[in-house]
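Please go over the structures that come below.
Here come two complexes built around chain A, the first alongside chain B, the second alongside chain C.
Up next is the complex of A and B:
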């Protein structure tokens, strides 16, 4: 006789936990801040997979701090599965033994402690992911049992408004709730009516009005006043030697001052090169304040955002032709969708890095910090599943002399992946090195692999103040290494460059100096910037941009 | 170096000391004193193995604005934060002495010279004060500059311009306060102890130097204008600062007495009223003082475009 098998163990388990928690939960799923520790002790069991929402921008910081206060004898050895661990509380959980294992994507300010704790055995590392990779695993083998999320507002029934900073919330809630897990939300305010419902009340188990608004880091605000002439030169090289050369329209700009410089030069140098309407028309990008002049000048058709950016709320809401604004009139960012678009639909990723090795592998890792990957590798790679054609993607693929070695006569395109870097970076450290610090980190923290942000075979262009190395035009590793050496300046890698070899590469247009490209170094001054400081950006925005206090210069 | 005509529309904030010096006077009239080709570098920095500049971070010279001879001192913040050492200090003092000697000569040889034919001194400050590598010489320079101000008083007006990145802090804050007239942009900052030092000494709760809105509304041009610590607030272009110099250069020397902050019993009494007001009000923030001065919405006033600020702001009456 066939035994009756139970198929709802997960739901039963959740129901038991929620029954134990019911004493803390009032009307509209509301929980008082003082009862949160009790609630967490009721719904979390040792060894659970738990998610604390947070990335490089918004943080469910109140819930994170409450989790730190639970009775360790009741809750311990948790397996944290979450985008990022930038708060001190995230790592304190491991220090105190409440958490044991970590699967994550981004370390941020706590990167040093992550490395230290791994070494000391306080933290068992699952894996370091990209955002999209981790989200994928939420639906496969890393589904959270309990998720602690954050939203701007809840209504009396427990519906949530995540609005401008929706970011990771939908993907976390969907993965958790549809595997019968438990979702607890901290909100800044409980109101009668929400502007719109981002997360339906039925997917939320408890809501707390946190004592203070959740923390948001304005990570993507770059003060134009800090852009240097060298970054402007690099930006001019990129615009003339890459943007114009390939006609790249679908772009992600990484974080950093080079891309800010490029954004601020679209209405000046870009205009002069006649690029308006031809490049940067579709972007996957947070609401960078430095994009304001280009948007105002009509360069951009559309921008979809991973997250919000403090101070840009009103500006974005007033430009619904450009941004993804809901019927209520406010932006809905969404990291999962933006990363998907960033992985599959971009023609180009351009960003900075810390170190590049002689093969073109690049890394932002230092010997004692597990910084993670964030989203860059998904955009800074050639997506093998891409099938649709755009002109620049096709052109880059056609250039690649090594393609026939792999797929014979079959034509195929390639994503442009551009690394822009000054040969000597902050602290006068050389950017081109014989061996990435990532190797040392792998040893120090016991990682399986050195954490490489962008692999050499994905990089198509390296831009320095010496010029551009068109790796997309190199037929073999020897040529690639020679091209990299040629633009590596006086770094340990660059001093091995041979003048006659560099000459040949320049003749073959594999290496182009500013002079080869017709970029006048003397014009690379701050006069090129459409906005020179934060106040200028506010003026460009017609007063709609409201910069956080720490960025003001008046 | 940009052309004079293109310099005029340039951001004062973005301009180097030499660009400011050149652009502030009439086209083609600037003659530099002890310029970089003279290579008067700091002997102290060399001993310490530090990099030197051929002009020691200060541009000095003379030019003309209309009929007025204008002696210019312009500090460069990109060299050791504009800090004043022995050579730079001597260049400042020497320029002031030359201006005074020139004024004496005009008075002796051309008794009928008009107000606008008499010289003025313009100092474009960008400095954190004394250069610590050569602190004694730097401090002495501060004293010598102040001494020359006393000699210049009633003879050669000394006009301060502040609108560069570093602002004007440390001992040079005192020096600026002792000049006859102060012109600032909203990006200019004037004070004694810099924001980072206050935070370091008194803690983040007292003064958060990372809160730039706080820094600017405590030391920035708009606040200084409300307080009467500067006489005019102008747009951030060389042309706008120059226009103010043009206006001031025509005035009789006697007109500058009324613009001063220190230097008479009446002014001391006025400053003491400010001290009494602070003791009575116990302001927690510059906004409290703005409100007291009659500005109903100080937060909005800090954010409106500068034109609107100038036309609507109420300044503190003491």
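Up next is the complex of A and C:
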């Protein structure tokens, strides 16, 4: 006799929880702020996998604070699966025993507490991921049971508008809801009619109008007034020695000042080098204010964004030929798609780091902070699944003397992965070190591996004020290490460089100094910048860019 | 802010350049420095006085200054540096710029 097997346990479980929560949920799935703690106690069970939406930009901060207020005897040992833990509340959950395990991608300001809590046994670390890697696991072995998400507006039925800052919301909601989980949204405002529907009401279980707008950090705004001469020099080296050399069109720029300097030099030095239309035509990028001059000068065909950037809303909406703007006229960012493009379709990733070891491994990890790397490793690597050809990708692959050792006579391309860094950082900490602090962190926090942002075999170019090391042209580890030493200046790694060896590398164009490249150091001044301060950016934008107050000094 | 004074002497293999009048370059902003250079009869050597708020970088200063003097083939110059935590890259840049100013 065949017994009837039950196939809807997940949905039944959710229905039971929602029945217990029904007392708090009114018309249009609406919940009053005062009832949120009760709602969370009804729908969350000990040991659940829970997601609190938030990366390094928008934050479901009200829901995070409410989760902190639940009765610990009812809710404890949660497994948090979420992009980032930048809010104090995210770590307070572990302090209080409400949460136990963490799988994440980025620590931000709480990175020190993550390390400390791991050591004290308050936090069990699953793994540090890249964003895309974590999103992938939402659909495999880390699906959230309950997700606490964040939107600008909801309508009276519970449809959501996430708009400019859509970011991670679609991927979280889809993973949660289609495994019969529970989605609770905090919104800034409940309105009669949304500009557009980003998340349909049917995928949302409860909506609360937050007592205050969600926190969002203008993380990608760099004031041109703070760009230094050395960053300008590095930028000139990159433009002439890499952008022009390879004709790189599809690019992601990291968060640092070097790439801001490059963006501000496209209409000046880039124009002088004749690069308009030949480089930076397609970009995966948040709406960086420092891109405004290049966009206005017609350099850019397409930009897709991971997230928004405070103050750029009107400017982006007014440039729909460049950005991904909906029928309602506002941007829809999407971190999952931007990271997918970042992984598969970019020809180059360029960004900064804190430390590089003698082999070219690069990390921003410090001894006492489990910070993670967000999306950088996902773009700062050679995507082995890539099959389409672009000229710069092919050229970089053709240069690689070690390719025949791996695939014989078969031709293949390679992603350019560029690390730009001054030889010494703040406080005269050397950027080139014999051993990455990541090793000490692994020891301190009991990690299986030292957290490496970009592995040496993925890095193709290192740029310092001493010049460019073309690691893509190195035939073996010995040559690679010599090339790294040659651009490492007066650091403990750089002082081992031998002048005759460096001479040979320069002759072979494996190392190029500013002089070799014909970059005049004396021209590396702020006169090179198309905009010299935030006000200039506002002017370039025709008044459409509205910088947050902290960046206004006029 | 307690300041420390470091003194160095550098001599390059074949001094060929000097300055013909006192000059001043840069400002003591955070992470930056000012450079004063003046002609000096020092038997081909370059004397350097560094005033800095940080300690523990004597060897680094020596290396950066010696490399600058060697590359610029500088001799018979007295250099004074008022430093505010500049990195070696900034130190070298400002020294080069100061010298470029002198040549202009």
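Criterion: the second predicted complex is superposed on the first by the 554 of 554 C-alpha atoms of A that agree within 3 Å, B and C clash if a C-alpha of one lies under 4 Å from a C-alpha of the other, contacts with A are read in each partner's own complex, and residues count from 1 in each chain.
Definition applied: a residue touches a chain if its C-beta (ideal position, glycine included) is under 8 Å from a C-beta of that chain, and two chains touch if they have at least 3 such contacts.
Because the structure is a prediction, the values reported are computed rather than measured.
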### Message
Under the superposition described at the top, does placing chain B and chain C together on chain A give a clash or a fit?
### Response
clash
### Task
Report for A:428: first if it touches chain B alone, second if chain C alone, otherwise both or neither.
second
### Query
Which of the two partners, first being chain B and second being chain C, lies in contact with A:386: first, second, both, or neither?
neither
### Task
Determine, under the contact definition given at the top, whether A:230 touches first (chain B), second (chain C), both, or neither.
second
### Query
More residues of chain A in touch with chain C or with chain B?
C
### Message
Just checking: does A:553 make contact with chain B only, chain C only, both, or neither of them? Give me first, second, both or neither.
### Response
first
### Query
In the superposed arrangement, which partner chain does A:523 touch: chain B (first), chain C (second), both, or neither?
neither
### Touched partner set for A:533, first chain B, second chain C, both or neither
first
### Task
Could you look at A:122 and tell me whether it touches chain B, chain C, both or neither (first, second, both, neither)?
neither
### Message
With both structures aligned on chain A, tell me which stretch of chain C collides with chain B: 21-29, 39-47 or 57-65.
### Response
21-29
### Message
Let me check the overlay on chain A: which residues of chain A are in contact with chain B and also with chain C?
### Response
none
#### Entry: Partner chain B, residues of chain A touching it in the complex
225, 526-527, 532-533, 535, 538-539, 543, 549-554
### Query
Which chain C residues qualify as touching chain A in the complex?
31, 54, 57, 60, 63-64, 67, 85, 87-90, 92-93, 96-97, 100
### Task
Please name which positions on chain B make contact with chain A in the complex.
2, 10-11, 13-14, 165, 186-187, 210-214, 216, 220-222, 302-303, 305
### Residue ranges of chain A in contact with chain C within the complex
228-230, 233, 422-428, 464-465, 489-490, 495, 521-522, 524
